[in-house]
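I have placed the structure first, in the form of structure tokens, so that the comments after it can refer back to it.
Letters A, B, C and D mark the chains in the order given here, with residues in each chain numbered from 1 onward.
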Amino acid sequence: MTFAGTFIVEDSLQADDQKLKYKIRLPWYRSLPLSSVTNLEVGLDGVPVDSKNLRVELNGKILSLEEFEPLWDEYWFVQDNATILIEGHPALGDAVEVRTRINLRSPYIMVAPDQPLITNTDVTTTFPVKGAN
Amino acid sequence: MTFAGTFIVEDSLQADDQKLKYKIRLPWYRSLPLSSVTNLEVGLDGVPVDSKNLRVELNGKILSLEEFEPLWDEYWFVQDNATILIEGHPALGDAVEVRTRINLRSPYIMVAPDQPLITNTDVTTTFPVKGAN
Amino acid sequence: MATTQPPQQPKLGLTFYSLTNEWVSGKYDLESLVKRVAEAGIGPGVEIVGFATIRSFPEVSSDFVKSWRDLLDKYELEPSCLAINIDSALRRDRMLTEDEAADYLLRQLESAHKLGFPTVRTQMGATPGVIAKVVPTAEKYGIKMGMEIHAPEGAASPSVLRVREAYEKIGSPVLGFTPDFSSTMHSLPPGQIEAFIRDGMARELVADLNAAWRLEGTPLDRFEFFAEAAAAKGYRRNSIAHVQMGFNMFGREAVESWQDILPQVVHVHSKFYEIDEAGNEPSIDVPRIMELLVDGGYTGYVSSEWEGHVFREANEVDPIELIQRHHRLERRGIEAALQKQQKHQVSA
Amino acid sequence: MATTQPPQQPKLGLTFYSLTNEWVSGKYDLESLVKRVAEAGIGPGVEIVGFATIRSFPEVSSDFVKSWRDLLDKYELEPSCLAINIDSALRRDRMLTEDEAADYLLRQLESAHKLGFPTVRTQMGATPGVIAKVVPTAEKYGIKMGMEIHAPEGAASPSVLRVREAYEKIGSPVLGFTPDFSSTMHSLPPGQIEAFIRDGMARELVADLNAAWRLEGTPLDRFEFFAEAAAAKGYRRNSIAHVQMGFNMFGREAVESWQDILPQVVHVHSKFYEIDEAGNEPSIDVPRIMELLVDGGYTGYVSSEWEGHVFREANEVDPIELIQRHHRLERRGIEAALQKQQKHQVSA
């Protein structure tokens, strides 16, 4: 699967003292309902980010992970990037190692009766640190 | 055809002021009668060697090119090297570029009725120059 | 001068699914992709995945409809098939009801009609009840519904046999199948094997993998047979766990198995992974399957569906060029079949 | 307990011709080569080219005979076929007379007998007159003579049809054929195409080359068709002249063409060039030809004959490992054929 290869948008990280953001692509070949995003985890230089400090900007909204669940009537279009927003991150050097893990629950591929396939994409990237706009 | 690749025996050149010699392999997959060798040409640093100064040592004999023709009852065994002998060569530097060209007349592959296939192997090698023993 | 009819044969084309890497990374927009396809001569048939190509899917705006129709007219391409989905697990709290699932399909059929598609590709998730509910609309629009048969299923798998029974009961001319050649491969794709090795499988297990893959039995049984061979050579389970997908994604049914459903084929996914220097697909006997389609009188669209993007990175190969070569290979099979028919007519 | 007969099937093996690069460069002597073959399990059949393996050929010394027989006994291998030659252009002043050619063959038959070979491979150069002269000796020794059918000839080529007529006239049970699979390829070997490019052919001509190679017609006509396509794209003749050999060395007859001579097959050259990661030969449908041999009741030797050494340098690949993989591919075809026979017996 080279969805891992396209998952993280290269060179997209921006940071200031308060927050950090970067972009990801949907690691799948078709748009999925937002309800498909069942899990999202981020680690910075090996330290997991608390989910209460984690938001996703998509379709003009800023969403916490729990807010994805009821949005089964709204789609993440395959060509749209989502922006990961992190509040209150630790001090960063010239570069930061970011691990991003997402689970997607397929609405249409069943591995057993009424049991959707869950995909797992887990990519670690080293970003140069630049100022946020 | 990688008979070109095995034709010249690596690092086999030896030279003194008077003569020069090096080794070649039969560029074919089976032994051939000596009568099959219809042409042999050697060039040293771009200068053709006069055929009267050229000899081949094979099967314990030293032969001029004309002497191959009647030897249809004697074979060049595929695993045997032949030694090319050159008398009265020009002055050499640390290395010499040797071009060797051989034509073999196949005794058994006809391209038209009673018309044997003639193969052409033409390889240029740069040998380091070492003293003859 | 006598006028000669061109012989009856399938129409080639592609599905934009083949361009997944390029599409998701934004290399093309719709117009630049259609233009490239037209210039490369890999039409006329254009198949799209509704949920990949169209932002507003399952709905389509009238603006999109107009630009889509203008675009295909301009580049002399033809809409061949709209791949639609039955997202029965759309909601996290429960599965869709049959009415909801039928409504989900109907909205997509409506879009297919507006966009001028003669066929939609459906998937195994559609139950007989849902199919029965949407058939009247498909009949009204004259749109054929081709349920995709994909590895690990084949034309004679139990689940497909159940669909064939349901079809017989409903008895509508719009119901049919979309064979995907992933079901009838003779070998694993060499590039996939290399990817398995890159991801941790020992190279010395290649022969064991091929042998296990070629066994008869369920994908799981065959994978377990391979896992035992790996264990016997001292390799840990986690070094080969990723190989299991190869038993599901790639099917080893005989090419002839398509014969049974040939009269019901309404669209074709000519799945492929690689084309070698000699112009062959190393894991699928493309010419032989095309001969079978021609001999069966199939004259619909055949979408080249390149799926090598599951093991090739973007920019590593150009899917458009690969599809050009794939079309050449398909034409070899078509021409061989037509030649045989001609000889038969002459001698008959 | 009932004893079950192993099913009737061909015996595998190799010809040492496959090891040409290694042999001419002195990497192996006879003992080390036989040992390696035995350890690699690519017997039991061992075929040699008399004029490559034996220094004193066409004669053999009693010392050589003893060491040869001891060697094969020691490593549990079997002499399968001695490839012999009719060197009718041995002399530069004239061709051999029929008596001289017959004598040349008889000396080699004598050697085959001493070395224990059940079969000799002869070549198209043997005229009906020469064949008739040597048949009594072959009958006396019980040695079959298999005339090799190699590209550009096939089983139904005019020259082969003439041999078949001569055979019928002579009517001896020792007369037969050695099919070489070079006659029945479906594609040019990818490695050969790469070598053509390395030697100056433009890569953009690959599709034209494949298309021309697949045409019907004589090798020369098909090459000229390719040369015209190259010229139309602006490429000079001397950039593609070396490609002509591809039309002679690789034949495009149908696999089924062997059917006609199947009862007369006494030995087989299972010519091959490459084996890909999936275990297939990209230019020859090995399993299908093996099925045809099994279905035809062939139980003689099949020599793996790797000829990739014409485009691969020594040390680039190991022919022994390639032959191991080739045997696996051959067994796939054999087993498929035996399975079908078994099903037939059960259902009959």
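Assorted remarks:
Methods note: a residue touches a chain if its C-beta (ideal position, glycine included) is under 8 Å from a C-beta of that chain, and two chains touch if they have at least 3 such contacts.
Because the structure is a prediction, the values reported are computed rather than measured.
Chain centres computed from CA atoms place B at the largest separation from chain C. Taking the mean of the C-alpha atoms as each chain's centre, chain B and chain C sit 59 Å apart. The mean-CA centres of chain B and chain D are about 30 angstrom from one another, to the nearest whole unit. Not a single residue in chain D touches at least two other chains. Counting only pairs that meet the touch rule, the chains in contact are A-C, B-D, C-D. Contacts from chain D toward chain C in the complex involve residues 186-191, 193-194, 206-207, 210-211, 214, 276-280, 282-283, 325, 328, 332.
Of all residues in chain A, only 1-2, 5-6, 25-26, 29-33, 35, 38, 69-70, 72, 75, 77-79, 105-108, 110, 114, 116 touch chain C in the complex they form. Considering their complex, residues 17, 20-21, 23-26, 49, 51-52, 55, 57, 85-92, 95, 123, 125, 309-314 of chain C touch chain A.
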